[in-house]
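You will see two complexes here that share subunit A, one where it goes with subunit B and one where it goes with subunit C.
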Partner chain A sequence: MIRLEPRTTPSRTLALLAPFAAVACALALAAIPLLAAGQNLFEAYGLMVKGAFGSAFAFSETLTRATPLILTGLAAAVAFRAKLWNIGGEGQFYLGALAAVIVGTGAVPGPAWVLVPLVLLAGASAGAIGLIGPAYLKTRFKTDEVVTTLLLNFIILLIVQMALQGWLKDPMSLGWPQSEPIVDEATLPALFEKYRVHAGLLVSLAAAAVITIVMRHTVLGFELRAVGENPDAARHAGISVNGTMLKAAAISGALAGLAGTSEVIGLKGYLTSDISPGFGYAGIVVAMLARLSPVGVVVSSIFIAGVFVGADSMSRAIGVSSYLADLVVALALLSVLVAGFSIRYRVRWLGLRGGEA
Partner chain B sequence: MEFLEIFLSANFWAAAIRIATPLIFGTLGALICERAGVLNLGIEGIFTAGAMAGWMAVWLGAGLFGGILVAALVGAMIGLIHAILTVPLGLSQHVSGIGVTMLATSAAYFTYRTALPDVTSPPRIEPFQPLNMPLLSDLPFLGPALFQHTVMTYIAIALVFLVAWVMARTPLGLAIRAVGDNPSSVDSQGLSVYGLRIGAVMAGSALMAIGGAFLTMAAFDAFFFGMVNGRGWICIALTVFASWRPKKALLGALLFGAFEAYQVRLQTEVGAVVPGEIFLMAPYVLSIIALVIAARGADYPRALLTPWFKGQR
Partner chain C sequence: MAGQHRKAQAHDELAPVVLKIAGITKRFGALTANENVSLTLHQGDVVALLGENGAGKTTLMNILFGHYVADEGEILVAGAAGALEHLPPGSPQAALDAGIGMVHQHFTLAENLTGFENILLGVEPIFGLARGRSAARAKIEKIVTDSGLAVDLDTPVSSLTVGEKQRVEILKALFRDARILVLDEPTAVLTPQESEGLFQVVEKLAAAGLTVIFISHKLHEVLAASHRIAVLRGGVLVGELTTADADRGKIAELMVGREVPASQRSPMSPGAAVLKLDEVKVSGSDARRTLHAVSMVVHEREVVGIAGVAGNGQSALASLISGLVEPEAGRVEFCGDAVTTFSPRTFMSAGIGRIPEDRHHDGVVGAMTVAENLAIETLKDARFSQNGFLRFNGFQSHALEAIEAFDIRCSGPDAPTRLLSGGNMQKLILARVLENAPKLILANQPTRGLDVGAQTEVHKRLLAARERDAAVILISEDLDELFTLTDRIYVMHAGNLDDAGPTDALDRAAVGLMMAGHSAEATAS
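Moving on, here comes the complex of A and B:
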């Protein structure tokens, strides 16, 4: 028999090792479908690593992919800290992207130093509103925010599609449902010539730094963690649980909204309804792999981005479906969840007949 | 006037029941899991995997009922993953469920793409045909509305009453409800909390997968990316709306089906002035509204989301 005992203090070593173990486990498990598909394992994974990190171009692509993931990852990390299960990062991403084209395609004139911050602010606000709604329903009516944010993802995507077919549609787009281009003054520039990685990465890194400070050194950060860990104790300590929940929602939604804005004004330059290949959902995995640490989010975003970019490149080279990337990402999420268990519990072998007492 | 005439067409009622069928399977599945204390957000992925597995099995020659069996087994296996993570390991049911949805969806897509690398449109199967019941199917109005469905619809409705009976009247049902309300009391009676919860999650997941299989084997005749399109999440909302009661779940699913069938027909009337997306949004908006109405007074299974460990308390 075996028995699970809670550790008196969570193991710090294991906490640091867990994400790496989880990643190794995810890659090992993903080998099963790869082998079943008749592929050479080393060739496939080798091509993935090369495609993600093998050249300056590859690394630029990975960082470009990581830019929105850092923001959606932070969004999930902040919300999950307060046990607000925001699964609506995808919808908030699109709200931020929508706000970017509403403000940034010429409706508001101005120089770049006014327009860029203004567009970012608009995107963050749109994302925040997108999560404050479900969070309000949660605090007021006890409506499960997981389901409402998930359903809102579908609703928001349809709103975007409707806008792109109608009032936001670029008359010059030859019938394609896409928005007018972002004006130059509202565009985030590329960081290096000939590479796609853009100043949105700096926005993401700045956000990670700000969130680190907020979570560690401010009253708000303390309240978020207190509410997440034990809402009853937090209430007794005089913290407004509902108020904190709404603040967490505002921050989390704003971060996911910023991801959409940065993708539009930094990378694409216009909005289409397929601009996100699931950045909102991948952000959940990023946050869990990072064990909700903002600094960890930066690292795990680069890893997850690498998986996607690498899998795309491998898929083009040897024809393995790029859904392998989604498979690895999902396995990483489940693995890190299990790894988290081993940090909190120790498994004790009680001998074959033990455990009865 | 046209708005009311819609209700007079047998076609409308037939569509309502057809749309409700996968939701009945899914909501029953979610209800069984939650009654045992486990929220199963893997549902969306299990729908997708069931749709893919059932269809592919038929395409490979398993026969329609063989396809259903394959879908159910795939669903139960995915349910087992969720159950192991959330029951003996007691991990977050929210995160595990989302992870299971991601895993099942990507596994289904990967399998599809690996088996059919170059096809633009998927191969079609011969799906379930509407039953032709003597006398009943030929009735005016009632025949086409109620008695010309595929066998899966009648199985779904029969399952509602079966699950209701098992839950309310049998020791098994009592034990499942108890394990979702007060697991320690079940344990003190010498029953296995883990066994009951894992079994319930596997059975519920099998039903979810059959709901998915209905899409590829009765409603349509092939598998498409994104075809589940939130139906799983809608079932989770319907479960709360139904206060975890099978017959109310049937009612909820039928109401939902009727609403959706109605708006599709309304769209042809007013489609010129109202954008189609508004109609497509309706089911999700309706689910949120149903959830808000139901959630406040909802009588959640008391141990829902709460892990239980042997020997603790």
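Moving on, here comes the complex of A and C:
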């Protein structure tokens, strides 16, 4: 018999170690299919680490991957702090990308110092609107935002596909469903010659810094934490729970939208309907691994990005499917959820007869 | 009643010993919850186990019931033949088999089953469901006749009153041949009349040979219903006395360890009306949240009590005065002006301080620090923020002042609030409410679950606020508290509020009847 006992004080050491334990656990579990495929574990994981961090190029690729993940991770972290379960990061990402091509492909002329901020603002606003809708429905009608935000992802993606087949389609694209290219003045420059990592990374890092300050040092952050931890006490203390929820939604949606914008104007240069390999969803894993800390989000984004980039490189070298990366990420989420549970509860083995009452 | 008690005591001396708790010690880390506690119970004894929160009452009963294993000491229970046998520690099944039955404060009944089915639940064999039912029925009906525990056994428990549910719980224990019955805070949810009925049943059962331990912190009912009183303090059994020789002051002193000065209300002349409700209606999802055309008035320098059994609309009234709900009809006046905006923020800035009923749920954000919870109602204040940015120095110095002034025991301003004891959490809320010198204080069950020391502290603060011209509304289920503190009493029943008049002209029985739904006129006649 096993008994679960709540811990009176969640262990601080465990809280700090949990994400690392979860990562180790995920890698250990992912070893099972690797072994089943007849691979040498050390070689496979060694190739993965090398592919992600082994050279300046590898690391720059990892940082390129981490750029949107930091933003979608922050989006999830802010929303989850307020107990607003935003599963719609993917949809808000595409709204941000859509806004980028609407504003940034020549419709608005101007120099780079006007156009880049304008496009970023447009993307952030589009993402924010994408989450304020479901959040309003939640505050007004108590609709479950998990359902609405999740389903909106598919609706938004279909709208993007429709636009790319129709009015947004580049006439010069030889029939491919993709948008016109972003004009040079609206493009985020690459940070280094010959590497793909771009100024979007600076936007992400700045966003992480701003969110850290907002959460810790502002009235808004205080209210957001209070509403997330105990909405009834917050309401009783005169904090507007609905208002705070909507503000959290605006910030969260804006961050996810920015991720999409930065991906379009920093990396791809145009919009296709497969621009995101699931950045919105991976952001949830990033946030959970980071235990919702903005600084932690940066670290866990680089880790998750490393898993994706490393697995790609490994699969090219030894012929294991790169889906292994998805497996590791999914296992990491499950492991971190279990770890979060073990921080709050103690599992006690009572012997075979111990639980009888 | 007193004569009956003495008779029962004389009987005790001769009656065989049924339970012997011998030298029980239980430690949780550095905390000693029970230290060398010994207690002997005879057949037909009614022993009140009295003590403040954290005195070790619950730990002792959990050891008796096999939920905890004692570090030292043992428990002996009389077997079927009458000889004392060692009770195997750590086994609830063994405790049940030895005839120990427990009625918890929070009932453990399946609401959609009938009383009869609830009693059978768990003892009925899995196979051959129908067999033995009629025998069981006969056995229960005999217990009902013998004990006077009248209750409709064939309606679903969900439609029974709280008092009736408690009877089902007691029947459940008796059906399992309990010879020792433990009642944990049995009167917490009962009207005074229902409590009186319970005590009569207990007396009858004791006379028939049942041994009863009842846990309580209400002095008057302990005096009314027990033969003997055992007082625990800090895990130690500090006194054992026969009820006939005990008086309130003596027991309170034993419980707290020092003399407890009773809160004294000095007569004052009430001033202008602070809050006036006129035919105010609130419609809620259930009876607890509904008010039917309620009228009341509270003046400066006045404590007005709201008596009533829990769940009769007190929540709705408290929500209304906290600004959490908007009335459907009627007029609310605060300091002579009609109230049009109903929100906690406008109510707070108008000068209404609120002590919520459930401090964990509505009073504090447990995960946030003491300093943060002390500032949460006045975040926009220049002490705590400037242009939207928090001022940590303001939080710290403010918290240190409040901790000092209100004697909040915690490791410091940065301590997570959920680690505070109930009493200290309440002091935190009091500090927050009182620092802005509110014109009206709504105190909803402010002393529930607090020990005598903390209760006195809360009472003292409320009376001090009254002397500072504040109006106080005290919602309480504890008549003792209401009669000590209030100038006037309203009684709440099923969403209606009846004016019972000045406290000094009232007696408990009349208020009790009104709590059960009889109108003031009917009570007077």
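Here is the rule we use: the second predicted complex is superposed on the first by the 343 of 357 C-alpha atoms of A that agree within 3 Å, B and C clash if a C-alpha of one lies under 4 Å from a C-alpha of the other, contacts with A are read in each partner's own complex, and residues count from 1 in each chain.
Basically, a contact is a pair of C-beta atoms (placed from the backbone, for glycine too) under 8 Å apart; a residue touches a chain by one contact, two chains touch by 3 or more.
From a predicted model like this one, the values you see are computed outputs, not experimental measurements.
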item	value
Three-chain arrangement built on subunit A, subunit B and subunit C clash or fit	fit
Touching partner for A:D144 - first (subunit B), second (subunit C), both, neither	first
Which superposed partner A:M172 touches (first subunit B, second subunit C, both, neither)	neither
Which superposed partner A:V338 touches (first subunit B, second subunit C, both, neither)	first
Subunit A as apex of subunit B and subunit C, Cα-centre angle in degrees (nearest 10)	70
A:H217 touches, of subunit B and subunit C: first, second, both or neither?	second
Contacts of A:Q161 with subunit B and subunit C, given as first, second, both or neither	first
Subunit B and subunit C, minimum CA distance [Å, superposed model]	5
Of all residues in subunit A, those that touch subunit C in their complex	8-9, 217-223, 225-226, 229-230, 232-240, 356-357
Of subunit B, residues touching subunit A in the complex	41, 81, 85, 89-92, 94-96, 98-100, 102-103, 105-107, 109-111, 113-114, 117, 229-230, 233-234, 236-237, 240, 275, 277-278, 280-281, 284-285, 287-288, 291-292, 295-296, 298, 309, 311
Residues of subunit C defined as touching subunit A within the complex	92-93, 322, 324, 343-345, 348, 354, 356, 361-368, 372, 376-377, 379-380, 385, 388-390, 419
Subunit B partner contacts - residues on subunit A that touch it in the complex	3-4, 33, 36-37, 85, 87, 137, 141-144, 146-148, 150-152, 154-155, 158-159, 161-162, 165-166, 281, 284-285, 288, 319-321, 323-324, 326-327, 329-331, 333-334, 337-338, 340-341
